[in-house]
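Below is one structure, written out as C-alpha cells, with a few remarks after it.
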Amino acid sequence: MKFALLVNEGPFTHQASDSAYLFAKAAIEKGHEVPRVFFYYDGVNNANKLSEPQADDRNLVKLWGALAKDHEVDLVVCVAAGMRRGIKDDILAEGFRISGLGQLIEAGLGTDRLVMFGD
Amino acid sequence: MAFEFDTEGVKKTFTFLNRKAPYGTIYALEVLETVLITAAFEQHANIVFIDDGVYQIKKGQDTKAVNMKNFLPTYGIIEMEKDDADEDEDIDMVWRIIVEKESMEARGLTEDDFKVGVEVLSSAELAEVLDQSDVVIGG
Amino acid sequence: MLHTVNKSPFERNALESCLRLAKKGSAIILFEDGVYGAMAGTAKSDMVASRTGDYEFYVLGPDLAARGIAEDQIIGGVKVVDYGGFVDLAADKGTVQSWL
Amino acid sequence: MLHTVNKSPFERNALESCLRLAKKGSAIILFEDGVYGAMAGTAKSDMVASRTGDYEFYVLGPDLAARGIAEDQIIGGVKVVDYGGFVDLAADKGTVQSWL
Amino acid sequence: MAFEFDTEGVKKTFTFLNRKAPYGTIYALEVLETVLITAAFEQHANIVFIDDGVYQIKKGQDTKAVNMKNFLPTYGIIEMEKDDADEDEDIDMVWRIIVEKESMEARGLTEDDFKVGVEVLSSAELAEVLDQSDVVIGG
Amino acid sequence: MKFALLVNEGPFTHQASDSAYLFAKAAIEKGHEVPRVFFYYDGVNNANKLSEPQADDRNLVKLWGALAKDHEVDLVVCVAAGMRRGIKDDILAEGFRISGLGQLIEAGLGTDRLVMFGD
C-alpha cells in the first residue's frame, strides 16, 4: 500500500515529526511504500540543515534525510509556508526539495492513504 | 527525486476540517491555501467548520489593530469556486461548505453571522459526510 | 497580580485553570483566542460571568475586532482595553502570570 | 475509518470532538499525549470507557511507555499496539482522520 | 548591544509553572533547563506542577521506543539542588517542589507515583504561593 | 517601569510574536523601557533573517529588528534552543544576538515585570 504523510510541526517542540518518522519507518518495514512526505505549516522547519541537537538527542533533519535516501521518499517542503518562515534553498538539508502545495494534493490522489501529524 | 504520481482520471473527495479559531494560529489561512489548490485539480471538497473553526467565517473581522492579514476575504473566493462548480456543467466537482450545528450553537452563532453561505448539519449528519471522505486535511 | 489568558475556553483548559488558581481580587485579561471567553451568549460564558465578583476582567479590543466580536457582545462587567491598557494593567497589578 | 487523537483530554477538546463526530464502528487510536485518555481511574476515563461498545479503541504502546503508564493501567477493551500496529490500522480501516 | 542589568543583591522568587504533559511537547524539558540556571543565580524558586504537568514527574518513563530523550533524570538533579539549598546554611535560596492536589487526583495519581519528593498543596494554598511570586515562567 | 518579554513561539503559526511586539511597542509609547526580549523554545525562529512573508503581510523579523534599533531593545536568542532548531549566526537577523538562558533570569531580576507570550 502507498502512504503519503503530512507533517505540520517542526522538530523538538512537538512530537509530530517524531511520530511521523517512526510511522514512516514502520510502514516501510512492513513492506509498504512511502512515496512522499509533505512538510507544511511549521513542519517546514524539519528541513533546516543548521539544526544541531545535543549529542545524546535524535536529529530529525538527518533521520528524514537518511530515510529519503534509503527508501526513495520524496521530502517536499511547501514553498509558501517555507518562504514565510525562512526555510529556503540556502539552508535546505539534503534529501528535501521545495515545491508547491499542489504536491500535497497530488500525494493525496496518488496514494492510498494520507496521514497527518501535527499539533 | 521529483516523484511522479499517476493521478490521471483519479477523483477523490477531500475534506478540509477547520477546528481552530482564526488569528490565534495561522491554521485557518494555510488550510485555505490548500483548499484553493484543490480546485485546480478539479476534486470534490468538503470545507467543514467545527469547534472553534466556526469562528473563522464570522462576519465583521477587522485585523488592522493586530497588524495581521484578514483571512475573511479568502472565504469569498472559496464560495465563488463552489458556485462556479455548481453552475458549470463541464466541471465535475462538488464542493460543500458545511458548519456543524452543535458547534455553532454552543458559540452563540447563527447562520446570519457567517460571511459565506453554509449548509448547517447536525453532528450525526456530519459524521456520515466525514466517513465518506477519501482524504482528510485539517488544522 | 495580572493573569493573562490567550486560549479559547472551548479548546483548552487555560481559562479554567486560571479561574481555579488565581487569587481572588486579581485582574485577568483575555486576549488572542482567549477573547472568546468574554463573549456573552455562548456555552462557556458562565465561566467568566459567574466570577465577575471575584476578579477584575479585561479583554483586548484589537483581538475582539480581529475576530469580528462587537463590544455589545461582551459579558457585562468585562472592560475592553487596547494594548496601552494592557501595558497599564501589567504595570499596575504586580507580577504577570501567563496561562499558556 | 481510522481516527487518530494525539491530545490529552484534560488539556484540549480533540477527543471530545472525535467522539462526537466519528461514525459508530470506527477505529480510534490514542497516541502522543492522547494516551492519557486511555488511562483507567482518572476524571476523564469515562469518555473512552463508556464508548467501548461504539468504537474499537487502540493506544500506542511506545507513547504509554514514554509516559510511564503501565499496560495494567489501561481501560479495559482498549488494545495496545506498536508503530507497526498503527500502520496496520491505517492500512485496514480506510481513510485516516487526524484530530489535531 | 549586550545590555548590562544591575542585579547585584537582587533576590526574587521565580515560579516555574509546568502545565503540559511530557514528550507531546518539549516544554517540560526546556522549562527544566531554565530552572537549573536559576540555581546559578541563587534565587528562590517554586517548581510547580499542575494540570497535565503533574505527569512530567510520573515514575517509570521509558522513552526508548519513541526515540526521544528521557526528561525524568533531570528532575533528580533539581531535587538535589533543592536539598543542597535546604542543607547549606550559606546558600540563601529556598526551593519548593509543589504539586496541586486537585490536578493530581483528577489524573488518578498519588504522591507515590512521583519520581521526586513533592509538597502537595490544595488549589487555595497554591493560589497564595503563586500570588507571592515575582516572576512566573512556564510552558 | 522596565519590562522584559519572553517570546515562546515563532512568527506566523501562533499570534504570540505579534502580541509581544505590539505590547512592547505600546509600552515604549507609554514611556516605559523594554531593555530585553528573550526568545526561547520556537521563539528563536523570530531571528531567522531568511523569513520572507508575502508583500501584504507583516514581517516580524524586521519589525523586531527595527524596534531594537530605534529603542535599544536587546533581542536575545537562547543558544541551546536555537542550536536544536538551526537558528545560528549564519542566518541571524540584524538586531538579534545569541546568548545563554542566564540572560532570561537576569532580565527577570533586572526589570520590574517579565511578561511571557506563547502557545
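Chains here go by letter, A, B, C, D, E and F, matching the order in which they are written, and residues are numbered from 1 within each.
The definition used in the following text is that contacts are C-beta pairs under 8 Å (C-beta built on N, C-alpha and C of every residue); 3 or more make two chains touch, one makes a residue touch a chain.
A quick note: this is a predicted structure, and the numbers were derived from the prediction, not measured.
Chains that touch both subunit E and subunit F: A, C.
Note on connectivity: the fewest steps through touching chains from subunit A to subunit C is 2.
The set of chains in contact with subunit D as well as subunit E comprises A, C. Look at the CA centroids: the one farthest from the centroid of subunit A belongs to C. Taking the mean Cα position of each chain as its centre, D sits at the greatest distance from subunit F.
Across C-F and C-E, it is C-F that has more C-beta pairs touching. Between the CA-based centres of subunit A and subunit D the separation comes to 24 Å, rounded to the whole angstrom. Chain centres here are Cα means. That of subunit B falls 29 Å from that of subunit C. Subunit B and subunit F have CA centres that are 34 Å apart. Distance from the subunit B centre to the subunit E centre is 42 Å, each centre being the mean of its Cα atoms. Contact of a single residue of subunit B with at least two other chains is seen at positions 23-26, 51, 66, 68, 134-136, 138-139. Those residues of subunit C in touch with two or more other chains are numbered 6, 10-11, 13, 32-33, 62, 82, 95-96, 98, 100. Residues of subunit F in contact with at least two other chains: 8, 12-13, 15, 22, 41, 54, 57, 80, 114, 116, 118.
Applying the touch definition to all chain combinations yields A-B, A-D, A-E, A-F, B-C, B-D, B-F, C-D, C-E, C-F, D-E, E-F. On the subunit D side of its complex with subunit E, the touching residues are 6-8, 10-11, 32-33, 36, 39-45, 61-63, 65-70, 82.
Those residues of subunit D lying in contact with subunit A across their complex are 4, 6, 31-33, 62, 82-84, 86-88, 90-91, 95-96, 98, 100. Residue ranges on subunit F touching subunit A, taken from their complex, read 10-13, 41-42, 45, 48-54, 57, 61, 80, 83-88, 90-91.
Subunit F contributes residues 6, 8, 35-36, 40-41, 68, 72, 74, 80-81, 97, 99-102, 104-111, 114, 116, 118 to its touches with subunit E in the complex. Within the complex formed with subunit C, the residues of subunit B that make contact are 20-25, 51-52, 55, 58-66, 68, 70, 72, 106-108.
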